[in-house]
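Residue numbering begins at 1 within each chain, and the chains themselves are lettered A, B, C and D in the order written.
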Amino acid sequence: MNAQTPGAAFNPQEVLRAQVRWRALEIIFWVATLAPFVLTPNYLILCSQIAIAALFALSLDLLVGYSGIVSLGHAVYFGVGAYSAGLLAKHGWGEPISGLLFASVVTALVGYLISFIMVRITHFALIMVTVGLCLLFGEIANSLHDVTGGDDGLQGVKMWSIFGIYRFDMFGRTAYVYTLVATFLSFLVLRRIINSPFGLSLRGMRENQRRMPAIGVPMKSRLQVVYVISACFAGLAGALSAQTTQFVALDALSFQRSAEVLVMLILGGAGRLYGGLIGAAMFMVARDQLADMNPQYWYFWLGLLLVIVIIFLPNGILGGLAALIDRVRSRRS
Amino acid sequence: MKKVFAGIGGMATAMLLGLAPAQAQDTIKIGLIMSFSGQFADLGTMMDAGVKLYMKEHGDTIAGKKIEIIRKDSGAAGTAPDVAKRLAQELIVRDKVDIIAGFSLTPDALAAADVFTESKKVAVIMNAATAIITARSPYFARTSIPLPAAMGALGTWAAKTGGAKKTFTMVTNYGPGIDSEIAFQTAFKAAGGEVIGGVRFPVANPDFSAFAQQLKDSKADSVYIFVPGGEQPAALGKALAEHGVTPKTVKIFSSGELVNDEPLKSMGDAALGIISGWSYSWTHKSDTNAKFVKGINEMLNGRNPDQFAVSGYDGMQLIYKALEKTKGNADGDTLIAAMKGLAWESPRGPVSIDPETRDIVQNIYLRRVDTVNGKPQVVEFDKLDAVKDPVKLQLKADGKLNPDGTAK
Amino acid sequence: MTEIALSTSGLNKKFGSLVVAGDISLELPRGARYALIGPNGAGKTTLINLMTGMLAPDSGKITLGTEDITAVPPDVRVKRGLVRTFQINTLFPNLTPLEAVTLAVCERRGEAGVWWKSLPSCKAAADEAYGILSSLRLGEHCERPTKQLAYGQQRLLEIALALASKPKVLLLDEPAAGVPKEESGELFAAVAGISSDISVLFIEHDMEVVFRFASRIIVMVSGRILVEGTPDEIAANERVREVYLGSGHV
Amino acid sequence: MIARFVSLLFDGFAYGMLLFVLSVGLSVTLGMMNFVNLAHGAFAMVGGYVAIALMNRMGWPFLATLPVAFLAAALFSVVLERVLYRRLYRATDLDQSLLTIGIVFMSIAIAAYVFGTNQQPVQLPDYLRGRIVLGDFSFGVYRLFLIVSALIITGLMVIGLEYTRFGAQVRACVDNQRMARGLGLNVDYVFMMTFALGSGLAGLGGALAIEPMGLDPNFALKYLVYMLIVVAVGGLASIRGAFFTAGLLGVIDIFSKYYVPWIGGFILYLVMVGLLIWRPNGVFARR
């Protein structure tokens, strides 16, 4: 796909612009996120949780898909965000939007502190340190029973209405609008980040860690920035979860949550911007539907789904689709 | 283009109509939220067996209405109360259920409390055992066991009759564990005993030897234990036996889970002499229970029922009896009103729903592990009749209980 | 006296008991074309790794211009103008050449850490990147993922990436490694076209090429400099014949 | 005082040895074959259920079930290796983890379906129960048994990998696959056997773990994290590393729970993160 009109002088800027341009499919995707209001109004609560999971997966994609750093402990940031938002609301400030901002700032700070550890190590040790930190934070939250409620969860989170008008209702209408808007705005920011020079240097790190210093890139500080950004958005997802369910459980910080979000991302396809979104939707819907059909043994079907995807669609659903389209195209031409 | 939009619009309308079926007047939908998978899957298995058995015995119609059950798994992500809350919301919004029942764990029930208050739907709690739960929503009714009631009775007995002077408490560090620790300690001290130490261990804890050693080093003459279901009772029991802590050396008082069938089998003779205070054991002698045990045996390949099964059974019983009274009206206010004061003969003995607190009133049995037919088994030797939850009695005495049974 | 662009004095590096760099002292004047030769395992690439900071020396000093850079991290050395290429392609397989070189240019211009601006807004960087690619005849391939390029084109991209950092000193580690002899001419034509302001030190095995392009030659054996001199001096040197040319031609 | 200290040390070490038996196979597959096998816990669970079924349904003695547990898990893993894993040897770590997590999910459901959700009770023979009292000191017999088993396994593995022909082949395949192939080694076969060995050890660990840890369908997931910790801190493919790490972690866990129970697992994870930052390749890694 050459963006140049034949005969015109080559314009490199146009080539780069063609890559970041909004595509029709993207617009359709986001318009489709509004469909549940009309098509499945009874599923809005699930939809809002999908939106939250999608944002969480997107924040992880920045690390896994774009920078090539695997984290199996991303729930640390989700949990910190959830507890900050939850505690703020519990202790008298239930305004949602400022709560979100507060939580993401707190999480970004935590992410900044943790990033000093992260940039020192690589590979398997790094993955295990992320696991370790996740477990460590879980234990801290558990032992601070008086503050966090420990295993009983943080109770008494009371959210005010958004703008003093829209109450979080039982049907999840407000919750879905709220999480969808937050996720979409975050997506815009993340999309911009990925399409920025900084985003290009992230992809450079993913592609070749050895070359980067040789073209003058200070890897560590670049990595620290991406850790902070990723943490910030994961925290935002956590805060959204705390606010819409008005409850925070220890589970927010669990290894399971970390593993789950990674599964969603790989399922959808890492490093593809929409991979996390699609993976989250697929995973959550599949889990919901399978668990309804077969509450005791649905694990089996979910496991089978993962195995099938990996065997037949390596690189996730979007990766598999892209490969398929490539194959069809090359056959035609 | 216009056609496409028209098509989408038509589809949307069709789906809207399809998804919101006119509520059939002759069906009552009951949503069951239980941990069918995960760490506490067996709790769900047992509770559900109780539910199924009751429906098998009593049919699936009541007051001319068909009962339809929708099962939801809250155990998927381990202990995830936000999932339980979402499931409750979805059952009400999406599946249009009339009644919700189940709730394996305290956090699940607490997280979902507001949903019932807001939607005015009745929820029957079949396990979650922390005292305060029923005070969190006026639509909660409970058929399991308010822990402090049983543990308080056990504490008093331990100090007065059981011969314990200095005790050590070991509980799991979450709501029910802390509840029962406080209840036991308070009652034990009030009856003249001394609490010389205690430990709270995490919900996920693979090895108990450090805690067994602590108990041993405390030189206590007795110990009180609370652990939830799952792998903990057997693991803890074995760690104690391994460190030479058996009822022969240290008097062991516990809640019911420690002496359920599986841990008893694993502990073997080391369990002989453990005293527990609880509302149900399958060894309870009554005709109702004999029939119930037989039913569960058939359903679960010979496994004996435990507290979870009987709570599930009685939960269904409560719903059926209340619906009978309201002639099939499942409206929240009507139904909860009908539940208040209901009394029936359960496999565990006579039970009723306290009209003030909507919590269960039942006998608490004191039991000892003895050898029966060559195997260790729980044997009842004493009971306290019609025990109410002391925590809520205290709230009431302090004037902190609303007329609808919620806490101020 | 000519201005010295890069110098090392007394560089030492050991892996266990193996000496990979022993007392290496050399000077690279501004605008020079020096070749570094020696048999396999002589420590040529290790020397480049030491000079660029990818390995830390056990002792010794590295000076860029007038500045001691021994303790300066690799990326900062690049910013100061000391740039290298790799013997084994060290590229970004899924980026296009345009993206890769734009990245390097942005980095040099201090724009690559900017996350709030969109990439296309860096017009100057993109134009410059395209200019570099065109000058190496990669212009028409700049939109294909790197992994799809022919091997020779990938070797050229190695050099393009280095040039994007506007080096003062360029260290080329076997630029024509793995390229068939008939195509290597094109690569060295590109090397020859590098601005004469830039000092170049290149590793190469093909003696013909070395004698054609280098003004001076440094011969390394077993981690030490054996001899340094003009091509004629080297060609005439007995010890070089013995140790290097001899063994190479047997 | 000394008696208490010795007792804690003993309990912790025995607990660690159990972790060692469960994890050492993962160290082998992950370290030597470079395959992220998160289903290692599922293999352990297979061993556990096989042992339980033989004991409770067919009346086998406990000790006789152990070799069968080993073989069953090894066989099961070979089938999976042939059918699924082999396709992913060259895939990314992420794809490997997703596949194996999928297998874990399936194994949990299958175990729940076949054996029920309840804890499987195990009644050990009398000679493995109770404790030995030596003056002030007392030791649980089963824990002693665990320590002895772990020592035997370590000994056999070290000898097997360093002094036998098969061991030499394994090391050759790991060091340089291409060269090993060139030398005429059947790399596929060596990998399959290595994998079977690693999974068999997991199965054995699963059978040994029923007594102290219990067994239910969640076993496949519950102890995965502990296994990963042992492997990471011990250093990949290092049997000695896994041995010492497991022992150390067990002791730290028991000591911290004894002396500072209110912060429970905190110290264990803190130590783990600290060790990994200090020695990212594993504390006992040779490199």
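FYI, contacts are C-beta pairs under 8 Å (C-beta built on N, C-alpha and C of every residue); 3 or more make two chains touch, one makes a residue touch a chain.
Computed from a predicted structure; not experimentally measured.
Minimum number of contact steps separating subunit C from subunit D: 2. The most distant chain from subunit D is C, comparing centres defined as mean Cα coordinates. With centres taken as mean C-alpha coordinates, the chain found closest to the middle of all protein C-alpha atoms is A. Centre-to-centre spacing of subunit B and subunit D amounts to 36 Å, using the average Cα coordinate of each chain.
One inter-chain figure worth recording: subunit B and subunit C are separated by 73 Å, centre to centre, where each centre is the mean of the chain's CA atoms. With centres set at the average Cα position, the gap from subunit A to subunit D is 33 Å.
Within subunit A, residues 142, 296, 298-299 each touch two or more of the remaining chains. Across the assembly, subunit D contributes 108-109, 112, 117, 262, 264-265 as residues in contact with two or more other chains. Annotation for subunit B: residues 37, 41, 44-45, 202 touch two or more other chains. The complete set of chain-chain contacts reads A-B, A-C, A-D, B-D. Interface residues of subunit A, counted against subunit C in their complex, comprise 2, 10, 12-17, 19-20, 192-193, 195-201, 203-204, 207-208, 210-219, 221-222, 225, 229.
Here subunit B touches subunit A in the complex through residues 11-12, 15-16, 19-20, 34, 36-37, 41, 44-45, 71-73, 76-82, 85-86, 89-90, 92-94, 106-107, 110-111, 114-115, 118-119, 130, 173-175, 202-203, going by the rule given at the top. The residues of subunit A lying in touch with subunit D in their complex are 64, 70, 117, 120-126, 128-129, 131-133, 135-136, 139-140, 142-143, 255, 259, 262-263, 266-267, 270, 296-307, 309-311, 314-315.
Of all the residues in subunit C, the ones that touch subunit A in their complex are 52-54, 73-76, 78-79, 83-84, 86, 90-95, 98-100, 102-104, 106-108, 111-120, 122-123, 125-127, 129-130, 139, 142-143, 161-162, 164-165. Contact residues on subunit D toward subunit A in their complex (touch as defined above): 30, 84, 87-88, 91, 93-95, 97-99, 101-110, 112-113, 117, 225, 228-229, 232-233, 236, 262-266, 269-270, 272-273, 276-277, 280-282.
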